[in-house]
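Next up: the structures, one after another.
One chain, subunit A, links the two complexes that follow: it is found with subunit B in the first and with subunit C in the second.
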Partner chain A sequence: MIPILSFSEIIELILKVLIFPGLAFPLLFAMIVIWFERKFLARIMLRIGPLHVGPLNRTGLFQPIADFLKLIQKEIIVPDNAYKILYNAAPIIASIVASMSVAFIPYAPKPDGGYWMIYYTPWSLLVILAIFTARPFIMVGAGWASNSKYCTLGAIRAALQLLAYEVPIALSLVSIVIMSRTFDLAKIVEAQSSIWFIILQPIGFIVILIAMMAELSRRPFDIPLAEQEVVFGWPTEYTGTQFALVMVSEYFDLCAVTSLITVLFLGGWSGPAIPILNDVSPILSGVFWFLLKMAILTVIIIMGRGIYPRLRIDQLLDAGWTLLIPLAIIQIIITLFTAQWWIPLLGGV
Partner chain B sequence: MSIMKLSMGPQHPITGHFRFILDVDGDLVLKLEPDIGYTHRGIEKLAEKRTYLQNLPLIERVNSYCDSVGTMLGYLEAIEELMGLEVPERAKYLRVIAAELNRIASHLYAACLFSVATGLETMLMWPINDRELILDLLEKLTGQRITYTYPTIGGVRFDMSEGFKEEALKRLDYLEKRTEDYYKMLLWNHTFQIRAKNVGILKPSDAIRLGIVGPNLRASGVKADVRKDEPYEVYDRFDFSIPTGKNGDSYDRLEVRFKEVEQSINILRQAIKDIPKGPIKKWAPPIVPKGEVYTRVEAARGEFGYYIVADGTMKPYRLKMSPPSFRNLIALPYLCRNVPLADVPVIYISLDLIPMDVDR
Partner chain C sequence: MNAAFDLLALSLYFLISVLTPISLYGMGLIFGERKPTKEKNMPFECGQVPIGKAHTRVTVHYYPYALIYGVFAAFAILMLVSAPYLAEFELKTIQFGLIGLPLIVIIVLSIVLMIAAISLKNVRLWRS
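The block that comes next holds the complex of A and B.
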């Protein structure tokens, strides 16, 4: 039976799905982050970066939009040998799957109880983990469907890389769950109302940050996309709109990952209330703190591209299995031994 | 898994105008076969149709965007030896200054490419920026940024301009300080070290057997430099050392280049200090007497050999070049056997090959 919604509930649902954290937010996030990444890396490299497109003088703020418009005008080329259905579907599935996980993340508490999120479920952590696991299969599928040698090599690398990051992520989530005794992301945030998990579990934070960078294929671990080795990895053959979708889906993933780490380790929306925002709505204040923490994480993740060379796939697997997994297990052991003192002090559980 | 033939290049982000045919098994490269000739311009044959003086800009284009002075010096040495021409002192010093500036520019360029091969784009931009300072200096000296045609038969074409000495010393000081940043950013970067160390190890005995020249040979630990072994121009008057590597891996090949930049700065300082006054050019007849000669010079990429047969006319009967990149190319298939695919760009760039130089 479909529950009957009141008018204000319908308005709220539309706001959530279309504006924040639904459709508009990941797109805006992608646009701002692409622009920021280009400007920021340009400054590191003593370049100028995008300059002319956009409202403010000499900032190039609208450069990502101009690039996107250019890409959607281009011809979509499908290779003759490609397995056409999967090849054409992969970019669309990739962007949908990537933006899906945002629906399960609580961005702020509502004053009348409940959370500002699209779909509430007590198992949201597991759902997001499952969505993240789907991504490598899209990469492998797209690489295989392109039926090109470099795409295949990139897809193999993506599949190998999965082995390096998937287990450390799951293991470091274990210690979070031990600490908060729930799979509900909103409850995990509320458990951090007195002390953030980054202070209680610094090792777990580092492990999950590194593993998530590998999951996102960011610079030290952008092995499936390694330009100098496999041209562009699994999306080599994509052109025009399909390429734009592939690119945007990476930034959707970045949005989801930074949101998740914020929720798990940085206390989500918790922070002192901002008076101006609080007067409008207490939700805005929570969202402000959430976005600020996301921004800091994004800068850290982007910075890798400016200062690190790319690792080799065997070196990444080596690091994953001999460094990240033992560290995550050590974190679990520490958590198990210290949980009896910490859990009574945490709020909300 | 079956073996896959992979064609890498000439349209590939790292290969330049080369094509490599790889036998790939999973992520392992079993065999690499270089396919050269994409930039073949027939310079050796063209040179027979032109006079010795007309050949100067042509020869320069063997290796135009990196090391044109070093390339030309060997040709001029050969002709001047056939003619029995003694070049004025000041011209010799100016040639050394131009050649060493060019060597610095070339080595900085090599460092850029190396960091691109490992995926560190920041170190692409930093040395390129500083290479621009050197190119500006060369522009001040010769009037051009890339292709100078600066040394000519019997001397050099232009004298130092006003204020060149001070400007050069200032920029060399800056570059010496800047090298510290490069070490911090690239050579001491742990991630870079694990990418470049123990990759493409060339043992000294193998290096000598394969006929490797230049910084690649010195990185394997062999002390060989034409500037010391058979000094040409005025290199015997300068006090400088030959940096060598220990392991002969890709990391050493880059480190040797950085150390050579320091030695070049050292030579430049001495040359700018000691340069005598006098004429910069001696008149040379257009006809070269009959005979044949082989000379070699140390260009930025290594030993550059010229074999010229003159038949007593204005044009060479035969001109044969032995460019360093072609001689170092043989190390590439040798080193790229049973290496991961990710190491192929690193080994290729660490040898600092230039397609134009290989094909001529």
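The block that comes next holds the complex of A and C.
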């Protein structure tokens, strides 16, 4: 029994699955961010960066496409003593898991009362937490299956780091849930229609931003991938398209993380309606504000790579356990004592 | 209808997100060269021939972290599960002029775990 869809529903389905939160959006995000990261870091370091490829003069706008086309032509090398099935499956599983978390994030409200997201569930926060928790297993699996010393070291480092920084993330999510009294990401955004949670919970925002940078292995926390110590960490042995898949899954994760922080702390799609976009479709205005906030967060996360030196592993673990977890717990206690004043001011709940 | 529509969208998206990486991998297999040699298929160790096993062990320094992770994960799950009810509970206790026992338990537990997390560094230094 297949339910018969109307024409507008088919259009909505295609738009959702293929264009906006679906396939094209994370891919485009990954390409734009890879280009922007290279150009931006080059400008920080007083270099020029990608230059020749692309339509506009001296921008190198199509450099990621050129890199991708080159990576497709490269040989896929499988080391002789690697565990072949797990080794070949790990990049594919990594990119599937990374792209799934986008499906549960609400990007804009629809005029009929629903939300512009692929799958609506009242437990979306827990689903996304579960998807993030699955990532260290893929890294450890890939590093172990490569059967190489650098990969093993990188996998061990990734496991230590990601486990240490999962607890502060979960604890700073707790203070959000105390305030909004729901696990539903769409309802959490509606609760912020008058005041954003970044104003009510600044400590929680800082904790989750730092912990997410560590989860993504960005620069001050890129110990699992440290080039000077363990060649490229757990994906050292990957070449060609497998390497491309690993990189793309990393940027899919960046997309999911910035979306999640936008939803949790920056009020999601909330913002003044823009008349030009509203004339086309009422969804577009919310999408515009969402993408703007995502872009600001992405720039902040990328900037760390240009300005901070790398931490040592013991500094990193001590920072996670003795600084971020106590800060998150302090935020929970403050929220418990002040929630009575703020909850009447929140909208939507 | 709405739930069925969402489920259809999710399953289509899952199908696409499975097919895309597999087709990319397939493209790599088709368009890439395949000329394996003995040197190329060695584990990457900057040109040296690898000695010994690759699966090394972690130093025991980091064992306290593994132990205490269990405690903190359990604490985080407890807090996440009880979080939607904590604020309502607090509003009610203020309304009735009482202080709730579960709230006190949770605050005391948080403070104890906070102190435990801060002193973890000293424990590691003391062990070594």
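To be clear about the criterion, the second predicted complex is superposed on the first by the 345 of 349 C-alpha atoms of A that agree within 3 Å, B and C clash if a C-alpha of one lies under 4 Å from a C-alpha of the other, contacts with A are read in each partner's own complex, and residues count from 1 in each chain.
One rule holds for everything that comes next: a contact is a pair of C-beta atoms (placed from the backbone, for glycine too) under 8 Å apart; a residue touches a chain by one contact, two chains touch by 3 or more.
Please read all numbers here as calculations on a predicted model, not as lab measurements.
Where does A:Asp222 make contact in the superposed view: on subunit B (first), on subunit C (second), on both, or on neither?
first
Contact-wise, after the overlay, does A:Ile329 reach subunit B, subunit C, both or neither (first, second, both, neither)?
It touches subunit C, and subunit B stays clear.
Applying the document's definition of touching, compare subunit B and subunit C: which contacts more of subunit A?
C
Taking the superposition as given, does A:Leu277 touch the first partner, subunit B, the second, subunit C, both, or neither?
neither
So, does A:Ala134 touch the first partner subunit B, the second partner subunit C, both, or neither?
Neither partner.
In the superposed arrangement, which partner chain does A:Ile203 touch: subunit B (first), subunit C (second), both, or neither?
neither
Quick check on the superposed pair: does A:Ile178 touch subunit B, subunit C, both, or neither? Answer first, second, both or neither.
second
Applying the document's definition of touch, where does A:Lys149 land relative to subunit B and subunit C: first, second, both, or neither?
In the superposition, A:Lys149 contacts both subunit B and subunit C.
Looking at the overlay, does A:Val231 come into contact with subunit B only (first), subunit C only (second), both, or neither?
Both partners, subunit B and subunit C.
For A:Leu163, decide between first (touching subunit B), second (touching subunit C), both and neither.
So A:Leu163 only meets subunit C here.
Could you list which residues of subunit A make contact with subunit B in one structure and with subunit C in the other?
The answer is residues 149, 153, 156, 160, 231, 314 of subunit A.
List the residues on subunit A that touch subunit B in their complex, please.
41, 44-47, 149, 153, 156-157, 160, 219-220, 222-223, 226-231, 305-315
Once bound in the complex, which stretches of subunit A touch subunit C?
The contact residues of subunit A facing subunit C are 3, 5, 9, 13, 16-18, 22-23, 71-81, 88, 91-92, 95-96, 99-100, 103, 114, 118-120, 126, 144, 146-153, 156, 160, 163-164, 166-167, 170-171, 173-175, 177-179, 181-183, 231, 236-237, 240-242, 244-245, 314, 317-318, 321-322, 325-326, 329-330, 332-333, 336, 339-340, 343.
Can you name the residues of subunit B that touch subunit A in the complex?
Contacts found on subunit B: 4, 6, 12-14, 24, 26-27, 115-122, 124-126, 129, 185, 189, 191-192, 194-195, 340-345.
Across the complex, what residues on subunit C touch subunit A?
1-2, 4-10, 12-14, 16-18, 20-22, 24-25, 27-29, 31-36, 38, 40-46, 50, 54-56, 58, 61-62, 65-66, 68-69, 72-73, 76-77, 79-80, 83-88, 90-91, 94, 103, 106-107, 110-111, 113-114, 117-118, 120-121, 124
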